[in-house]
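Please find one structure pasted underneath; my questions will follow.
Letters A, B, C, D and E mark the chains in the order given here, with residues in each chain numbered from 1 onward.
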Amino acid sequence: MTGIYEEEINGFSYYIFEEPRDLEYLLVALPDVGLVGSIAGLHLIRELGMKDVVGIDSYTALPPVVVIHKGEAKHPIRLYTGKCIGVLVTDVPIIPAALPMFVQSLVQFAKMSKVKMILSITGLGTPKRIEVEKPRLYALAVGREAEIEAGRLNPAKIENGMLVGPYALLLKEALRRRVPNLVLMVESFIDLPDPEAAAVAVESISKITGVDVNVSRLLEEAEKLKLRLKDLMKETRNVMAKMGKTYEYRPPLIYT
Amino acid sequence: MTGIYEEEINGFSYYIFEEPRDLEYLLVALPDVGLVGSIAGLHLIRELGMKDVVGIDSYTALPPVVVIHKGEAKHPIRLYTGKCIGVLVTDVPIIPAALPMFVQSLVQFAKMSKVKMILSITGLGTPKRIEVEKPRLYALAVGREAEIEAGRLNPAKIENGMLVGPYALLLKEALRRRVPNLVLMVESFIDLPDPEAAAVAVESISKITGVDVNVSRLLEEAEKLKLRLKDLMKETRNVMAKMGKTYEYRPPLIYT
Amino acid sequence: MTGIYEEEINGFSYYIFEEPRDLEYLLVALPDVGLVGSIAGLHLIRELGMKDVVGIDSYTALPPVVVIHKGEAKHPIRLYTGKCIGVLVTDVPIIPAALPMFVQSLVQFAKMSKVKMILSITGLGTPKRIEVEKPRLYALAVGREAEIEAGRLNPAKIENGMLVGPYALLLKEALRRRVPNLVLMVESFIDLPDPEAAAVAVESISKITGVDVNVSRLLEEAEKLKLRLKDLMKETRNVMAKMGKTYEYRPPLIYT
Amino acid sequence: MTGIYEEEINGFSYYIFEEPRDLEYLLVALPDVGLVGSIAGLHLIRELGMKDVVGIDSYTALPPVVVIHKGEAKHPIRLYTGKCIGVLVTDVPIIPAALPMFVQSLVQFAKMSKVKMILSITGLGTPKRIEVEKPRLYALAVGREAEIEAGRLNPAKIENGMLVGPYALLLKEALRRRVPNLVLMVESFIDLPDPEAAAVAVESISKITGVDVNVSRLLEEAEKLKLRLKDLMKETRNVMAKMGKTYEYRPPLIYT
Amino acid sequence: MTGIYEEEINGFSYYIFEEPRDLEYLLVALPDVGLVGSIAGLHLIRELGMKDVVGIDSYTALPPVVVIHKGEAKHPIRLYTGKCIGVLVTDVPIIPAALPMFVQSLVQFAKMSKVKMILSITGLGTPKRIEVEKPRLYALAVGREAEIEAGRLNPAKIENGMLVGPYALLLKEALRRRVPNLVLMVESFIDLPDPEAAAVAVESISKITGVDVNVSRLLEEAEKLKLRLKDLMKETRNVMAKMGKTYEYRPPLIYT
């Protein structure tokens, strides 16, 4: 937390410890269905030995929290970088009332950092997840570049449905500000941390970014992770309920 | 969601994908009693092969939702057009606190688009709906043009009663801004999606607009629709309760 | 609702269909104890064949309601006029948070209309109402003219007590703006519509205004009215509770 | 309520019926522990034949209440004067959210009226009150003049404790605005009106002001008063709970 | 409370009775886990015979409370000084909504008073506290000077974890304003006052400040203190729950 300068972006404070450079992909890993994004982000940070270069915080929109990692104080939201990838993780779910401001601030930061594409990673809640061996990947793209990348992954197609929560807002704001955004959704448990689904997400990220990331450690530690993250999952579940996440599990009005 | 420009109207964002032209009738299909409006809107869009040309959204007044249709991301409120008709549908009920702003924004948009008449479609909750074979049509008109159209439909007459919710506000705002508004109400179930009532509404819309719309598919798919829309109905019920919808089921003070 | 102009008075919209002229008495008939005011207002409007000339509304302070009377759309608060009398009625109780603004707007309107006196009509909740054959009339006057009129009615005297709710605010605002205000209170049921008490109020209004109004129809229809108004009574009860109406049923601090 | 002028002081309206002159002591009698202040105030007003010369009110901070006394309408908060004493009483407890504004307005009024000292009268809740025959008097003084007066009463001393509620705020505001303030606390019941404790307070007020006030009538009417004031006591209890009155019954952090 | 001047710092009022001079260490003793900070502060104040020189208060952010100590009225938050140490204590927990403003105001005051270092004293909740004989000390430092002091204490190291509540905000604000801040955490009970843990904290403060403070009296009075402070502990527990204190008892996302 030393040697910093601070930047105010749309009501959030960005503490810049090191200027992020040559970022091509900004992977946004927020707590959501199955914690798929958070787990994938955690794995990338550890596997690639990424370094936290930006801390993001707010006295009013976030709970009064300091994260301690290796004896050092950290902000609850952090950007880690390594190779051409930035990974944004948060230790506390963002409350619904603060989401619009946070998402707007994040897209503005992405533009300022000249990120080429925002990658959103999340789970697609599947009631029959337990019967699925290899969870399927779905994609939703905003902007031409994102569509091309999505095509290379050969994802399954969502015919009709709804996306609810932080990634829905992020997609809309990316569209408004013309930042390409690719949303990767992996079939997952709804209310349980799902490291196997996260592994599928990590493999896709490898393909897109060209940065090879091994997922064997993630799969080995799967059980330990489920236990470790059960409280974050519970907090996330509460926040999702307040956000109208249930919309995601009913059909939209219009269909073919 | 590409090739757009954005317009801010009274706190709501209008994403214009294609300039709506030659709109004569703006059919407003909001979730209300029996989902009569939503179902009628859905049927017109599919039967006439309408195209969504405007997306309407708000980060604060609506939940953080993206609708996916045929693999494409859409805003939760959308305007579809075809022939001389525009159909406005929403995938999520609008919360009472946001209604005044939304309705004002909508009437302003109608004026900007030079719409000739706003058609409001909804149900008239009837406790004995189950015994009714062919639900009756009622009409309430604001403005001379609307009265003339209403007359052509030969609707039943509401002697005394109350209209509560989005269509009540819309009627008042239309009056203030001098946009003709015809409210079509069809006898319907209160808390169950009612495709048969919607079919009656569609037939009236055909008569008014002169655009022929077959309702056989709507009647065939009735059971499927009831199932498909049960969650939206439930959400709508909660919103209606907060809006004082119960006023609608008691007599007004003054009577003959 | 046609041929109107609109005037904004202290946050409420006044839709003027016909300029009220030569109004001497503005009878304010708000839902309160026993619905005495509302019932008296209803009876005068019907008996004198009064006409609604002003609609009053607010998108934020009132629920989204349109009243339908003889097939025509009406605002929830309306002023009816006939002879030298104006009667203000509302179809929905006004929530406590909106009362100060509404009352201020109303007194300002009374001044603009050059009303000579505001007549407030309400019930005085009596636990032993059932044993009372002819409910007694009480009066409370602000301003010399109101005191003189009160004297002519020879009302019973309230030694000590409290008046709580819309008529308390109205009395205070009338005092501030120097508009004479006479509050007529008739012994009544608290939580039941009380047409017999309303009949006593109507007789007093006849005496004050010099306009003869027969109450026989009111008494004949009493049972029907009690049934018809039971929902409005229930809504009013809820609003009264939030307003601290219970203060009315306990002694004030100071006594002789 | 006639012949008045109105003054706005810090959000409260002061209706001046008669300019208060030569006030030396402003006795503030707010509903608090045992209603000791309210009862003492009531007794002084009646015993000295005091006259209400100022009405204090607020449309938003107080419930919509008019007090009727001897057939006349009154504001819920009133200042009575007689000899060199002013007594401020209120018929409704002041809600916590409105307290800061009210207290600031009151001290400003005291300064404008050139009051020499504010006397606060309240109870000191004692669980063993029932065993106490003659309740003891405690005092807390702000400013030299108040300390001198306190000394003359030879009160018991509060070593450690907390004062919570309107009188705590009043003491702090008096200090800020350099108005001497003497808080007299008499051992009393917490949740029951305590006329005996009020009698002790009245005796102290007699000593301080030099105005002789007999307390025999107060003691005779004690039982009647307890019954009469039980509802005000209940309302006060609710307001005290919201204000954190329980702090008063636990020891402070620092002690000798 | 006399002879004062008042300073407004970020929405809080600072009543300066005596200008604090030559303060090197500002010990912040807020109610938190095990009341470790409050108890340590209390002990220092009594053992060193410290004097309260500044009172801190707010009409809106704090409950309406006056603290009485030795018969004198005091503000609920107070700064005591003695030697080179200032100790800030509060008699009421600060509600979450007021924390950001309070912490910002406090750091600004620390800068204005030219404090060299802010010492935060709190407990580290340990479920197995009962089995621990000598609670261990942990430290978290912001700024070089704080790190050096921390090193001299040879504290245990927190590898991974979270710090939640007032001390987390204080640490972040100290960092922003570049005031060295050393957070001392002692293993303690979560929901019980823990004088033994406070004794460990006091010993560390002795080492850092060079001011010798005997803890024998603290340990002798331990049982008495636990009883005396049980209500403050209960209030603190409620406030901690609202602040998301539970985050402190689950692992953070990122680990080695």
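For the reader, a short list of remarks on this structure follows.
To be clear about the criterion, a residue touches a chain if its C-beta (ideal position, glycine included) is under 8 Å from a C-beta of that chain, and two chains touch if they have at least 3 such contacts.
Everything numeric here is computed off the predicted structure, so don't read it as measured data.
Between subunit A and subunit D, the least number of touching-chain steps is 2.
In summary, no chain was found to touch both subunit A and subunit E. A turn of 70° superposes the CA atoms of subunit A on those of subunit B, with the angle given to the nearest 5.
Shared numbers divided by all numbers used gives the overlap of an interface; between subunit B and subunit C this overlap falls below half, so the copies present different residues. Taking each chain's centre as the average of its CA atoms, subunit C and subunit E sit 59 Å apart. Between the Cα centres of subunit C and subunit D there is a gap of 37 Å.
Of all residues in subunit C, none touches two or more other chains.
If touching chains are joined by edges, the resulting network of the protein chains shown is one closed cycle, each chain touching exactly two neighbours.
Considering their complex, residues 96, 99-100, 103-104, 140, 142-143, 157-166, 168-169, 171-172, 175-176, 243-244, 246-247, 250-256 of subunit A touch subunit B.
By the touch criterion given at the top, residues 1-2, 6, 38, 41-42, 45-46, 57, 59-60, 63-71, 73, 75, 89-92, 228-229, 231-232 of subunit D touch subunit C in their complex.
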